[in-house]
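Structure in structure tokens, see below.
First chain written, first letter: the chains are A, B, C, D, E, F, G, H, I and J, and each begins at residue 1.
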Amino acid sequence: MSFATLDTSQHPNLPASSATLFSAKASKKLTFEQIATHINRNEVAAAAIFYGQAKASPEDIVKLSELLEVPHALLEEQLGGFPDRGRSVEMPPKEPLIYRLYEIVQNYGYAYKAVLNEKFGDGIMSAISFSTKVEKETDADGNNWAVITLRGKW
Amino acid sequence: MSFATLDTSQHPNLPASSATLFSAKASKKLTFEQIATHINRNEVAAAAIFYGQAKASPEDIVKLSELLEVPHALLEEQLGGFPDRGRSVEMPPKEPLIYRLYEIVQNYGYAYKAVLNEKFGDGIMSAISFSTKVEKETDADGNNWAVITLRGKW
Amino acid sequence: MSFATLDTSQHPNLPASSATLFSAKASKKLTFEQIATHINRNEVAAAAIFYGQAKASPEDIVKLSELLEVPHALLEEQLGGFPDRGRSVEMPPKEPLIYRLYEIVQNYGYAYKAVLNEKFGDGIMSAISFSTKVEKETDADGNNWAVITLRGKW
Amino acid sequence: MSFATLDTSQHPNLPASSATLFSAKASKKLTFEQIATHINRNEVAAAAIFYGQAKASPEDIVKLSELLEVPHALLEEQLGGFPDRGRSVEMPPKEPLIYRLYEIVQNYGYAYKAVLNEKFGDGIMSAISFSTKVEKETDADGNNWAVITLRGKW
Amino acid sequence: MSFATLDTSQHPNLPASSATLFSAKASKKLTFEQIATHINRNEVAAAAIFYGQAKASPEDIVKLSELLEVPHALLEEQLGGFPDRGRSVEMPPKEPLIYRLYEIVQNYGYAYKAVLNEKFGDGIMSAISFSTKVEKETDADGNNWAVITLRGKW
Amino acid sequence: MSFATLDTSQHPNLPASSATLFSAKASKKLTFEQIATHINRNEVAAAAIFYGQAKASPEDIVKLSELLEVPHALLEEQLGGFPDRGRSVEMPPKEPLIYRLYEIVQNYGYAYKAVLNEKFGDGIMSAISFSTKVEKETDADGNNWAVITLRGKW
Amino acid sequence: MSFATLDTSQHPNLPASSATLFSAKASKKLTFEQIATHINRNEVAAAAIFYGQAKASPEDIVKLSELLEVPHALLEEQLGGFPDRGRSVEMPPKEPLIYRLYEIVQNYGYAYKAVLNEKFGDGIMSAISFSTKVEKETDADGNNWAVITLRGKW
Amino acid sequence: MSFATLDTSQHPNLPASSATLFSAKASKKLTFEQIATHINRNEVAAAAIFYGQAKASPEDIVKLSELLEVPHALLEEQLGGFPDRGRSVEMPPKEPLIYRLYEIVQNYGYAYKAVLNEKFGDGIMSAISFSTKVEKETDADGNNWAVITLRGKW
Amino acid sequence: MSFATLDTSQHPNLPASSATLFSAKASKKLTFEQIATHINRNEVAAAAIFYGQAKASPEDIVKLSELLEVPHALLEEQLGGFPDRGRSVEMPPKEPLIYRLYEIVQNYGYAYKAVLNEKFGDGIMSAISFSTKVEKETDADGNNWAVITLRGKW
Amino acid sequence: MSFATLDTSQHPNLPASSATLFSAKASKKLTFEQIATHINRNEVAAAAIFYGQAKASPEDIVKLSELLEVPHALLEEQLGGFPDRGRSVEMPPKEPLIYRLYEIVQNYGYAYKAVLNEKFGDGIMSAISFSTKVEKETDADGNNWAVITLRGKW
């Protein structure tokens, strides 16, 4: 089985916490599923902390410190501030997997807007009061389907 | 109640079919929910046809012609080819609602990739063998939540 | 006294409603202050409707129709949909006055973020549950000062 | 409580003074409110000095040296020159909070211009003879509102 | 069966010949396979003439005039000059199918270069003394595979 | 004979594995043909692993370790994660050889789409369920021709 | 002698007033020197009105109407609003003469800043409380020198 | 009094000579006025040498070595080549002071061209056979005005 | 034999004179060689007038009017002003032939600079006091070579 | 006399060989003319090797090693691979001298294409089977002219 890792030579602008966290994750051979279970968040939220895109609560820091065996003081220093979001993906994305999500926005953006406006009226779906998850489905033919759910306050 | 409309002065690069379809939708005062029910697709897919982002099947054309009272020959001419996708949203999106979706990709892109790779191995989620839908939830406090689901083959 | 006008040859991508509204405003020789008073909104919100950046309510449409002597049916058709925001200013702005606002974001962006985060915690100021106004102050030396207030939900 | 910090790996182009100041702020556990009170400026101006966007006066340097316990000579060397403004935010901003301010300029830019021109005549609001502040309001329902005021000479 | 068509509202910068040729192709209900057979070229080369990317020889013009029943003089005027290539696809491509080809260049570009250099020495593969074709393969499981071959002089 | 090498000063964003692999390749004086034979893949796939664009299987890692005499543990650490594709070529490509491939997409993109759509119907050629190879042909006049084949699932 | 003219096919985004003014200038065969003398402004300011970059005062409109024999009502309608500046030159400039000015900013920008800061302290030179002129000098060898003077309030 | 300094963390692409010269200028507490007097050039030209935008003559190098007490051999090595101009300002400029000059080009570019063409005929003002200077004027009300003069051969 | 023509649908920003001149050239079936001979200029200069990149002298206008049988008054009106250069090629060029020239600048730019500086000292080659020509050479093997010469004042 | 040198702080993306070669050139005080004579190439080709834009043959490496007194093994390692061309000039070029060449392509690109097509038919001038040289001419008035010749296979 493979684990998601971080090659810092490819991501020089990620925060210092990303290197700390991913390095520990690799030596502990932990998946995000295991990490998420431990900190009681869903996997995407857990991964978002690793990439500097979500704020870790004091409890998250305590639990990550335990699980990853990283000194609490170091994690607190590196994760204690406010995330400087938006620096992990250079847009348009070059990574094919991420590009597919970008392409969905490009192709379906106005369709989403039209349907959302008709359902909810004028306004937007928040990207902040927001949660998201990834699930795996396997159909009768044995094909795997990735299901991503976005849930945002109107 | 408001209906999603198209102002062609703002979208000069959409296909000719978009003007035809939206013009009929406005005079018929139909929502995408009503249209989707009639052609037996979900709302986002229906709207995607209107924006030139999805291929209408011969059955779709027949049903749209009936519902919208647009001559079948005209619709067939305008919708019979293959969609030239990707022209409806200029990236990065300027529309705030669509920008929020873009922002989700920008912020969570690598988190999705990490979780998907750990769950499915190397590969991508298809944006073509793909379906998507929008749902409305209302929580106990009366707040509305928009739920967007993306489901793509791995 | 001069009135803000719209030269459509400079703004080909604004919605059809912008041409209708500005044309009537020019022939009626009305300021946004007068229009705002009539529709009971602040001036910036009124101007935002003219530029296609805010949704006009049914009451707004009735009152604008009266004041500007534009047929109600025409305004309803042009303003009845959902605004397709973000198309009035091409970024980075070329207009010096608008560029100064852009420059404020460029120079003070992180200072705002730091102060807002320390005052409110992690999160953002909404640009949707949001109001803004412009006021004029004259100091003791007779200098005029423009005061712009942005008020957004956290 | 969290303090705004600086992760220099994410901001390699900020001036050397930014690293000095933020490092001291973190070890002293000071908020910008406390720093602003000490140097008798408002919080945004104080933060702008930390991000290299405003010139520190000799008095500012003395007071910052005292409060932060940074040698006066070092601060004078790093803050004594003229700010090379504009390098803290890469435009368009990727940070969601800062993007919302950018979006306000994008959406309301011409509305501001129209109202300002009608109120003040031709000209611009200075972004240099300029002050700005952030305030927190809590409404009857307990919701917090961020209020940003921009005040520039015409 | 569907035919590839051209919606000129989506391609305002294609040459006048493109509109002429695609309009005739649609009314004649011809595929590029049929057209290619008639002018004795491969399908991609035939399509490239339709999109203004390849020069039509005098014989091509005669045969296209016959097959499409377009006056020879008109075709000669519109196709007689030298192609002004490169205007059909705006890069990066927004169309998902074309983007996939772009992505192959993005991902495999240096791998191709390394292998080509080791096989051929320093130099390049010409994109002018060049031919290309598309073939369809169906494997044992009934899956279709598209095979694109590029052949260029070194 | 010359070997394809990597000058890391020109490619600072490639993964750490690229430096390891190319350095060993240079000291071993191996071509991609030899490496491909050893790991039983085609040359382009082998080169893609070197540039961080393809996932190395556990078997690939074992064989590369043997052939290149690089410690297995190091290769496993550097190649064991999931490739972060798309960072090797900055688009548009500056390298003339790679630009020619880009130019083919720019010029023939819509021709490929038209022919593929007519042959396969609506859809795309996958760039993931995909293989590619490079071959050398010499014609009767002694000219060399590079033949690149792309084969993707529809 | 040649007169500066406007080819509207090259400048579709200039305001309607530009076409009116340049058309009259051409048929009257007037230079900007003659026009500037008539309206009692310097030549660059006069030309700036023609390109929509400066506000014409009511007196300017009267005088231009007389000199150019354009109906006063038409000029008032087209010039009576507030200029929407910044649309005449697309940056970076493609016109070689204008590019040279851009190049001066690119090469000397920081040198100007350093000298201005040392002479005036922190701040900027206004581009609004600003005047500029062009003069011609001929040296002893008969060479012509263009002298452009920029004068802005600090 | 403040001196213009260089923070190399903000200008990593300036030549090595810039760091040498600015470092010496700071420790010697010299203004560009003093330096310019010493090397008998105007201030902007002196500053341009410091930013790597102008070639230092052998005499300049001797005098700068004396004044700044930098070893002549070091200065000769760093300044003896030909300037690689254009790297000091990233366009469009982010620095507000430099942006104002850019804005002048953006707004007045065609006005300058029109007036210059009418005065001098077809051609351009050289940005190479060129000199420029900055002067300070104080008007009757005590306001300071910056006057920048550009003088280029036609 | 083919003649270079202009498809105005591909070049909407060329001056009105371009359409006039190319239309007459096509109906007269003239090459640039014939036109150049008639107006006594080299071919590239003649073509540059057709593309709006060079100023036509009064004599050029007379001779072009005769040769092309276009009314002198029309040509004088369209060509009598000053060229607004730089609008014929959108950079980077998409046309393969023009891209090759761009690529030469990209690849050899610093090599030219180094050699020119060593031969001529600091300075530039003028692109205005400049002439250029195209010649055809055929070598012993019957291969054709295009020779482009650029000659600019230092 | 001045020699062309390389300041690596301005060119961090050039290959390692560039630093080696330019460093030796500077200490040996050699011009490209002398180097070119020694390796029996023209000056531009010699400079192109120094900037990593041309492949050095084994003979070139031997001769450069001798002349520059650089160990042969080091040069072979650094120059033995295939050039990764296109990284020396960032487009559009900022350097004024190189920009003038870019400007020639921008202004004359279509004129060259038209003349070349009429002389040679459809096709392109190769930028690979290509040679170029720089010559110096002095006219009767003592003015120097730079003459650049481009010669490419059709």
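In this section, a residue touches a chain if its C-beta (ideal position, glycine included) is under 8 Å from a C-beta of that chain, and two chains touch if they have at least 3 such contacts.
Bear in mind the structure is a predicted one, so any value in this text is a computation, not a measurement.
J.: Which chains, if any, touch chain F and chain G both?
T.: I, J
J.: Hey, which pair has more contacts between C-betas, I-J or E-I?
T.: More C-beta contacts join the chains of I-J.
J.: Of the pairs D-H, C-H or I-J, which one shares over half of its contact pairs with G-J?
T.: Most of the contact pairs in G-J are shared with C-H.
J.: Round to the nearest whole Å and give the separation of the Cα centres of chain B and chain I.
T.: Centre-to-centre distance between chain B and chain I: 47 Å.
J.: Nearest whole angstrom, what separates the Cα centre of chain B from the Cα centre of chain F?
T.: Between these chains, centre-to-centre, one finds 35 Å.
J.: Among the residues of chain H, pick out those that touch two or more other chains and give their numbers.
T.: Residues 2-4, 12, 82, 85-86, 92-96, 99, 103, 106-107, 113-114, 117, 122-124, 126-128.
J.: Taking the top-of-page definition of touch, could you list the pairs of chains it picks out?
T.: Between chains, contact exists in these pairs: A-B, A-C, A-D, A-E, A-F, B-C, B-D, B-E, B-F, C-D, C-G, C-H, D-G, D-H, E-F, E-I, E-J, F-I, F-J, G-H, G-I, G-J, H-I, H-J, I-J.
J.: Could you list, by residue number, the parts of chain F that touch chain A in their complex?
T.: Residues 12-17, 52, 77-78, 80-82, 84-87, 127-128.
J.: Of all residues in chain H, which touch chain I in the complex?
T.: 55, 82-83, 113-114, 117, 122-124, 126, 128
J.: Within their complex, state which residues of chain C touch chain H.
T.: Residues 92, 94, 96, 99, 103, 106-107 of chain C touch chain H in their complex.
J.: Given the complex with chain D, which residues does chain C contribute to the contact?
T.: 2-4, 31-33, 43-45, 47-48, 50-51, 53, 85-86, 88-89, 91-93, 95-98, 100-127, 130, 132, 134, 136-137, 143-154
J.: In the complex formed with chain J, which residues of chain F make contact?
T.: Those residues of chain F that touch chain J are 2-7, 9-10, 26, 93-96, 99.
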